[in-house]
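For clarity, chains are labelled A, B, C and D in written order, and residue numbers in each chain start from 1.
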Amino acid sequence: MILIIRPDRTDIEFDKLICELESMKMKTHVSVGENTTIVGLVGDTSLLDINEMKANPLVLDVKRVSEPYKRANRKFNSADTVIDINGVPIGGGYFTVIAGPCSVESQQQLNLIACNIKKSGASVLRGGAFKPRTSPYAFQGLEAEGIKILENAKSREDIPIITEIMDISDLRYFENVDIIQVGARNMQNFRLLKMLGRQKKPVLLKRGMSSTIEELLMSAEYIMSEGNNDVILCERGIRTFETSTRNTLDISAVPVLKKLTHLPVIVDPSHACGNACFVPALSKAAIAAGADGIMVEVHNNPAKALSDGAQSITLEEFDCLMNNIRKYAELENKKL
Amino acid sequence: MILIIRPDRTDIEFDKLICELESMKMKTHVSVGENTTIVGLVGDTSLLDINEMKANPLVLDVKRVSEPYKRANRKFNSADTVIDINGVPIGGGYFTVIAGPCSVESQQQLNLIACNIKKSGASVLRGGAFKPRTSPYAFQGLEAEGIKILENAKSREDIPIITEIMDISDLRYFENVDIIQVGARNMQNFRLLKMLGRQKKPVLLKRGMSSTIEELLMSAEYIMSEGNNDVILCERGIRTFETSTRNTLDISAVPVLKKLTHLPVIVDPSHACGNACFVPALSKAAIAAGADGIMVEVHNNPAKALSDGAQSITLEEFDCLMNNIRKYAELENKKL
Amino acid sequence: MILIIRPDRTDIEFDKLICELESMKMKTHVSVGENTTIVGLVGDTSLLDINEMKANPLVLDVKRVSEPYKRANRKFNSADTVIDINGVPIGGGYFTVIAGPCSVESQQQLNLIACNIKKSGASVLRGGAFKPRTSPYAFQGLEAEGIKILENAKSREDIPIITEIMDISDLRYFENVDIIQVGARNMQNFRLLKMLGRQKKPVLLKRGMSSTIEELLMSAEYIMSEGNNDVILCERGIRTFETSTRNTLDISAVPVLKKLTHLPVIVDPSHACGNACFVPALSKAAIAAGADGIMVEVHNNPAKALSDGAQSITLEEFDCLMNNIRKYAELENKKL
Amino acid sequence: MILIIRPDRTDIEFDKLICELESMKMKTHVSVGENTTIVGLVGDTSLLDINEMKANPLVLDVKRVSEPYKRANRKFNSADTVIDINGVPIGGGYFTVIAGPCSVESQQQLNLIACNIKKSGASVLRGGAFKPRTSPYAFQGLEAEGIKILENAKSREDIPIITEIMDISDLRYFENVDIIQVGARNMQNFRLLKMLGRQKKPVLLKRGMSSTIEELLMSAEYIMSEGNNDVILCERGIRTFETSTRNTLDISAVPVLKKLTHLPVIVDPSHACGNACFVPALSKAAIAAGADGIMVEVHNNPAKALSDGAQSITLEEFDCLMNNIRKYAELENKKL
């Protein structure tokens, strides 16, 4: 961390600041220029708060040199993390396809979808039971019953399941869920992250709509700092001025994250664009950019879906997409 | 709500769609043009999901005509809502100043600040007990103990208190808190909103960093739809490309919200800019733009604050700001 | 175009509005609901200005149904435009790679780069002669001399050249240039666009940093409306809150544009990310998403480049990238 | 400027880098830490390009310490610049109101508006002659004839005039124009800026829709570096995700700019919100935030305006606004 010091400070004030910094177990390197004095801090600066530093009246500005996350940082753990989901590996040399409906609607529907996506090549089944909806008047999901339906499909089709948690108090329903999903709106629900950090279950963490890549990694750090290292990161589109797609898929986040962290990175093309007709193009782009997997909304009858039908592809379209994915995975030397 | 229909639809398909829409208790008005057929829906469209409508393969696009919120809508309740906080009115012809430290640090600190801000003219004391921090390694607040400190200052100085809730499970600590604050990161924590909707306590709802004004009103609607109408909206800056301030204060949100809703609208200039030296200018701009109040971070010694010191003004600066606020309030015919 | 009418209008006012609209050669379809009256306008609404319509005191809101661009619209010209650049086709079933240094620095440098990128498989040589730089104190390009250097490299290596125009008054220098580039900062320099619309030379139009896809198409329309249909669109990253890359590549813009327009769409991964190490991943993503080509910055010695060295890949990295591009192009059935 | 050096560099490479930096007339201060080596550069770093520095393979990252603009920098010229417009001062202790129609439509219209706004208290007349329009099919302004109409109104009402230039080649028409306006879309038309820097006429420079405050100051620097110091900066709203207003007025830009530069700063509330009903609130916010003036669109009959009618206030509304402005100016100790 580098502190830029006001040119008009007195030597006494400055010496006091240096003492304070050293009392925080930081080594200091001072460079005195004509107009600017710079203090470099060496030590575990991930414990320092950049805003606290800025509050000091002697400090003009503060620049971070090293990343504020540790456990998620590739520098301290260069090998790719590979997470085992009941025999399905995520990360490393694998490309994992998670598919299923936005909302779980009925046992019959989910069985039909689960059976088909598995046949097409998906390896994890998704389905929303607790649904975060912008309007209090919209369908809020089947809740606990939805999870039971997922569990039945899981044992019937022998496929791991993932579903979203909205509140800590629902954790008891997630015992047989294989991956717990944290939605974009909860990416900075720090209480929830800490609690999930104390579970022994993989967590798929979606990037918030307006969260930076660094904030996403800090949220992963919340989970990991409590002991759970099985975190999967998911880019799902950010909010920008462009309105022709629901969100703007930040495809560069894939290679950036792969450089910064050892955690698996997957892409959700469905929420990113909000339009089924763009899902195949974005799925292929995800694998070409280096993602470890995709999570796609698939529905047996999108026009009748209880939520997000506009962005769901059909079972046939998914089968066709998987044929393309297989070719791209081969080019990228990824096992499906 | 207006549906734009594909030009290549068959009559049979179209008639089926109209039947479906009417079975949802919507009246339909059809206009057939040369290239485009338009269906206008009349009825309570706040219950319709725009994304479900778009999923219908006959539908090219959907445009909303009326707002999706009802209880928060000024159209259905034209008079300003005035909320009584233990004798302190918020909304209507009043301008309310909420002030205090970012984090509650000690009883002594809070007493000192409470006494001073009250003397200067603030009418509500703020202070964070449960702190949402980007880093798991940063100070997380005094939690339950912090609320006790707030309660003591409240009874000592006879001033209502406001503090932030981070999780439903903490609700028991908020019995003597006068206004429960929902932070920007929790604006779409729908479970929390619903639970607060069942309380008999005013809620201050902060706009999410990348939430639209309509989404803010939908989140207010979540609280109100459960029976609690005492919602105060707070603009605190949105995330944009500009980095010279921490966030970008959306000052236009004030007149826009005052037009769309009857709920009180206040501004948090401290989080908006993240820099104490801009707080006075933005506070004056807030009152000039029509806000019903401001929430300002004030600290006895910003350089030593445990959080957000850079954006806290001193007790002296706050006193000076209040002198200006009084003159501006007079110009705007607002009672302080 | 749909007009939403104020509920409190008188019949006389309303009839007057309808007369005015019909005098503009628009057919009107009126739907009177309980709370809302809607007027659908049928005719060539691309000539109407949405803001003028909104200014009418009877009009609450205006929604566009059809696109405001015509010549660039795929609806009116479904076949892909294929542009011939001295024998090099752009668009249709082709994938075109444009490569070269950010700035032309010397004849020797450009010859070296041109020879190498051609050998690796690029089909157009890029190089900046007139350089738009944020700082007046930065290197502004070799200007007219730079174009002469490009022309020499063109005839030596028999490869078409592209370079950027910054002002109409420089047009005389572009006689032997094969594609004239309009930079992101000039995307709405309407005078320049109109003048280029009167030339018989292909134009590569870069998307402005904060321009919507519709605005990009409207700028293409400016060129086409003057008679020049040879417009190549280029996505080069948009400005968002994310700072880990220089801009945010809007990869979805590729399939969205391919759906809306028949014009060729290429991607500039170098400016999008601003970091050479992410260029290969984004180049592959571009082709996977359906782009008709890429434009890549390549430099013989990036550390010594006079501009944008950080985002330039080396000659060796480019050669390696082309090997990957060939495999991806085959998968997408594109001729290189 | 601070360079963060790769930890894996050899001493020979590092010494070479230091030599190169010193050959650029920079003094270097090296701090060697355990994991990171930092080089501080002292000298005129405004001449250095941050991207060139980043391209060096030894350099991990670069942080600027001092601003890249000099002439516009308040550090080197602490007194407010006051610009004299034919006897009307802008900047310093003055608050200047510029008003008039979006487009000049006819002599009669402009005379009527000029006469009325002057009576109400405006001191400069605005009106568009050359109009940048998104659509090639929209009204493009009366061009040279429009400027003649402005000149006539100027001499009739004895009021200075301001109008926008779109291209260098039109400069000959601006001889009797008192302030030349550079529109948001041309903020980085560097050729135009340089040419205006060689004129002896004040320039009003609008901030680009997605330009940072630093980029705005760099564009002012382009004009000033050619010898013209009479630059007025104008905040007119930036592009964000929020759609309830046309743009998002960045009100914080006012105090930020006042701190960074000595140049006058004005606000255009009309383009910022795009809706006449919010213009008064934003005008008052501008003066409260410390602006040196506002530029407001006023029209005798907004519903019939040839452009931007939706955001134009009427002559009566303007008169009423001026009454408020006078009271606010008094509070802020500004002369009108």
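Quick notes on this structure:
Criterion: contacts are C-beta pairs under 8 Å (C-beta built on N, C-alpha and C of every residue); 3 or more make two chains touch, one makes a residue touch a chain.
Treat the numbers as computed from the prediction; the structure is a model and nothing was measured.
Any chain touching subunit A that also touches subunit C appears here: B, D. The most distant chain from subunit A is D, comparing centres defined as mean Cα coordinates.
Chain centres here are Cα means. That of subunit C falls 26 Å from that of subunit D.
Distance between subunit B and subunit C, defined via averaged C-alpha coordinates, is recorded as 39 Å.
Separating the CA-averaged centres of subunit B and subunit D is a span of 31 Å. Chain contacts: subunit C has residues 210, 239-241, 243 touching two or more partner chains.
Within the complex formed with subunit A, the residues of subunit C that make contact are 210, 212-214, 238, 240-245, 248-256, 259, 272-273, 277-278, 281-282, 284-290, 324, 327-328, 331. Residues 46-47, 49, 51-52, 54-57, 68, 132-139, 166-169, 185-186, 188-192, 194, 208-210, 215, 218, 221-222, 225-226, 239, 274, 302-303, 305-312 of subunit B are the ones touching subunit A in the complex.
Residues 2, 4, 27, 29, 31-36, 38, 40, 42, 61, 63, 65-66, 210, 239-241, 243 of subunit A are the ones that touch subunit D when the two sit in their complex.
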